[in-house]
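So, here's a batch of structures to check.
Presented sequentially are two complexes of chain A, the first with chain B as partner and the second with chain C.
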Partner chain A sequence: MNTVLSRANSLFAFSLSVMAALTFGCFITTAFKDRRVPVRVHVSKVMLKNVDDFTGPRERSDLGFITFDLSADLQPIFDWNVKQLFLYLSAEYATKSNALNQVVLWDKIVLRGENPKLNLRDMKSKYFFFDDGNGLRANKNITLTLSWNVVPNAGILPLVVGSGQVSLPFPDMYETTKSY
Partner chain B sequence: MLSIFKSIPTHMDYKGQKLAEQIFQGIILFSAVIGFIYGLIIQQFGWTVYIVLGGFTVACVLTLPPWPMYRKTPLSWQPALPETSGETSQKPQESLKKKKHK
Partner chain C sequence: RLPRLHKLTLKLSITCDLYYQVLNFGMIVSSALMIWKGLMVVTGSESPIVVVLSGSMEPAFHRGDLLFLTNRVEDPIRVGEIVVFRIEGREIPIVHRVLKIHEKANGDIKFLTKGDNNAVDDRGLYKQGQHWLEKKDVVGRARGSLLLTFCLFHLRFVPYIGIVTILMNDYPKFKYAVLFLLGLFVLVHRE
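And now, the complex of A and B:
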C-alpha cells in the first residue's frame, strides 16, 4: 500500500473477488428455479418414405417427414442468469432392434431479448428423420418432445424437458417415390 | 524514462495507507451491494458489472494518488546526526553493516 502500483494491485484484486462473489450470488438467486413451461406441439402431416440410405449399410431405410405446429411462451424462463435458450424437438420411439431411439428433428436458438413467444405454423423439420432400418413403418407410438438447454451467465447448464408431448402413429404404407 | 516516474513521490504515511484501504473497500462493497440489488430488480446482470466497475473507477481516483489527506501524520524522524570525522572508528562500521543489510 506504499506505492501506486501496490495500491492498484490490492484494489484490483479486491474488486475481482467482489465480482466473483456477485456472480455466485447471481447463480444462487436462480439455481432453484423451475424452468419448465407448457408446450403445445401439433403434428399436421406425416409422410413416410423408404429410400436408399447412402450413409449406412446399402439397404433402404425409413425416412419420415413431419409437418408440425409449435406454440410456447418462453418468457418465464428468462431472467438475469439466462443468456440464451437452445430449443430442440426430438422424436423418441422404440423399435425391435433398439429399445430407445432419439432423433433430433428441429432446433432453434432464442436469444435473450428476442421474442420469447413461439407461435410457429406448418414447420418442416430441419434434419432428416432417418431410422436405421425399417422401424418407422406402422410404428404406433412416436413421441415428439420439445426440450431446451438453458445457457446461463454463471452456474450449471440445465437441460429441461418441456411439458406437453405428443404421440403419433406412423402410416402403414410407404409413400411411393416419384421417378422423374 | 523510468527514473522520471520513480522521482514522483507516491508514498503515504501508515495511517494514510490504512485509510486508503478502508476507503476503497468501502466504495467497492457499497457499489457491489447497490449493483446487485439494481441488477436483481431490472434482471440485468450486466448492469451489476457496470456499477461495480464504476465503483472501481471512483476508488482508483480516490485512493491511488497520494492525496494530502493520506499524508497528515508523517513519521517524525530523528534529526540527522552531524557528520564527525574524528570519532571512534567503531560507530561508522556499525552503520555500514546496517546499510549492507538493507
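And now, the complex of A and C:
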C-alpha cells in the first residue's frame, strides 16, 4: 500500500463496491412498492369515420375520434429510484375479426422533478385511432385506460394500470360532414 | 548445504503460487461463464443483458444504459411494453415500445412499434411493404433497467464510460483485448 498506483487501485475498487452497494440499495428499497394511483378518465366526444388507412395498410378502415379529459396525481409514484413515467392512454376492444385490439391514443413522458399532477381537459388523441378493419362501428364496448411504465434507475420496468377506466360505445353511423 | 535447500523450497513455493493463480483465474472465468449461461436459460434470451446503442428511447434510455431482457414466448404482447425485435434481413435488434396490437382468437398477433424519442412509428424501419411485426420478430422484452448514464451524468463521466461500452459492442476485438488485459491484471495482482 505504498505506491500511488496501488493506492489508486484500492480507491477505485472501493468506490466501485460502494456504488454497486448503493445501486443495489436503490433497487431493493423500491422493488416491492405499489405503483398504482387512482385516475380519472372522462370522454366528452366520440366520432367515427371510415377512410383509407393512410398510416399503413391502405384498406378502408374505421377511424375513431375521441376527445377526453384526464386527471391524476402521480406524486406518490415518484421516489429516488424513479427516473421517469411513460404515461399512455390506450383503447381496448374486441371485434369480429380480432379477439383483442389495443391502440395507444395518447402518451406523455413525465420526468422526476416535473409537475406530477395531471389535469388535462378536451384532449385530442395524438395517434390515429384506426381499426384493423371496420370493427368500431356499433361497437358497444371500447375501454379507455391510463397506464404508465415506471422507468427506474436500477430495477424492474413495470407496466402499471391506473384504476378508473372508462368504457364507451361507438356510434352506429359514420360521420361524413363534421370534421374533428 | 542449507542455502541450497533454501533455494529449492523457494522455487517450489513460486511454482505452487503460479499454479494457484492460474487455477484461481480459471475458477473466476468459469464462474462468470456459468452465471452468464444460467441467466440465458432463466430468461430464455440469447442476450440477457444488453447495452442501449441508440437514442431513440430517450429520455428513458441513453446510449450506455443497461437493459435486462427476458424472452418467454408465452408472455403476451401488450401495448406499452418495451420489446426487442429484429427486422427480417437486418442484424441489429431494435428496442422500442409497442403502440398497437391486433390479436386473433387463436393467438396470432400483429403489432406496431415506436421509439419514444421518434416523431413517427416504426413503419419506415420495417421491410418494404411490411406494416406489422409478428411474434417471430421478437427476440426479447425489456424487464429491468440499470441506468448507469443517469448516475454518471452527474459525475460528468458519461462520454468516457459510455464510449467504452459502445466500443466494446461495435468492435468485438476491443472487447477481447479488454478481457485479456483484465485477466492479465488478475493474474499479476497478488491481493
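Everything below uses one rule, namely that the second predicted complex is superposed on the first by the 170 of 180 C-alpha atoms of A that agree within 3 Å, B and C clash if a C-alpha of one lies under 4 Å from a C-alpha of the other, contacts with A are read in each partner's own complex, and residues count from 1 in each chain.
Operating definition for what follows: a residue touches a chain if its C-beta (ideal position, glycine included) is under 8 Å from a C-beta of that chain, and two chains touch if they have at least 3 such contacts.
Please read these numbers as outputs of a predicted model, since none were measured by experiment.
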| item | value |
| --- | --- |
| Combined model on chain A where chain B meets chain C, clash or fit | fit |
| Contacts of A:19 with chain B and chain C, given as first, second, both or neither | both |
| Comparing the two partners chain B and chain C, which touches a greater set of residues in chain A | C |
| First (chain B), second (chain C), both or neither touched by A:153 | both |
| Which superposed partner A:44 touches (first chain B, second chain C, both, neither) | neither |
| Chain B versus chain C as contact partner of A:167, first or second or both or neither | neither |
| First, second, both or neither for A:98, with chain B first and chain C second | second |
| Touched partner set for A:119, first chain B, second chain C, both or neither | neither |
| Partner chain(s) touched by A:75 [first = chain B, second = chain C, both, neither] | neither |
| Minimum C-alpha spacing, chains overlaid - chain B and chain C, in Å | 7 |
| Residues of chain A that lie at the interface with chain B and also at the interface with chain C | 19, 23, 153 |
| For the chain B and chain A complex, residues of the former touching the latter | 10-12, 17, 20-21, 24-25, 28-29, 32, 35-36, 39-40, 43-45, 48-49, 52, 55-56, 59-60, 63-66 |
| Residues of chain C that touch chain A when the two form their complex | 59-61, 78-82, 97, 99-105, 110, 112, 116, 121, 123, 131-132, 142-147, 150-151, 189 |
| Chain A - residues contacting chain C, complex | 9, 19, 23, 55-57, 83-84, 86, 88, 90, 97-104, 109, 111, 127, 132, 147, 149, 151-157, 159 |
| Partner chain B, residues of chain A touching it in the complex | 1-4, 7-8, 10-12, 14-15, 18-19, 21-23, 25-26, 29, 78-81, 153 |
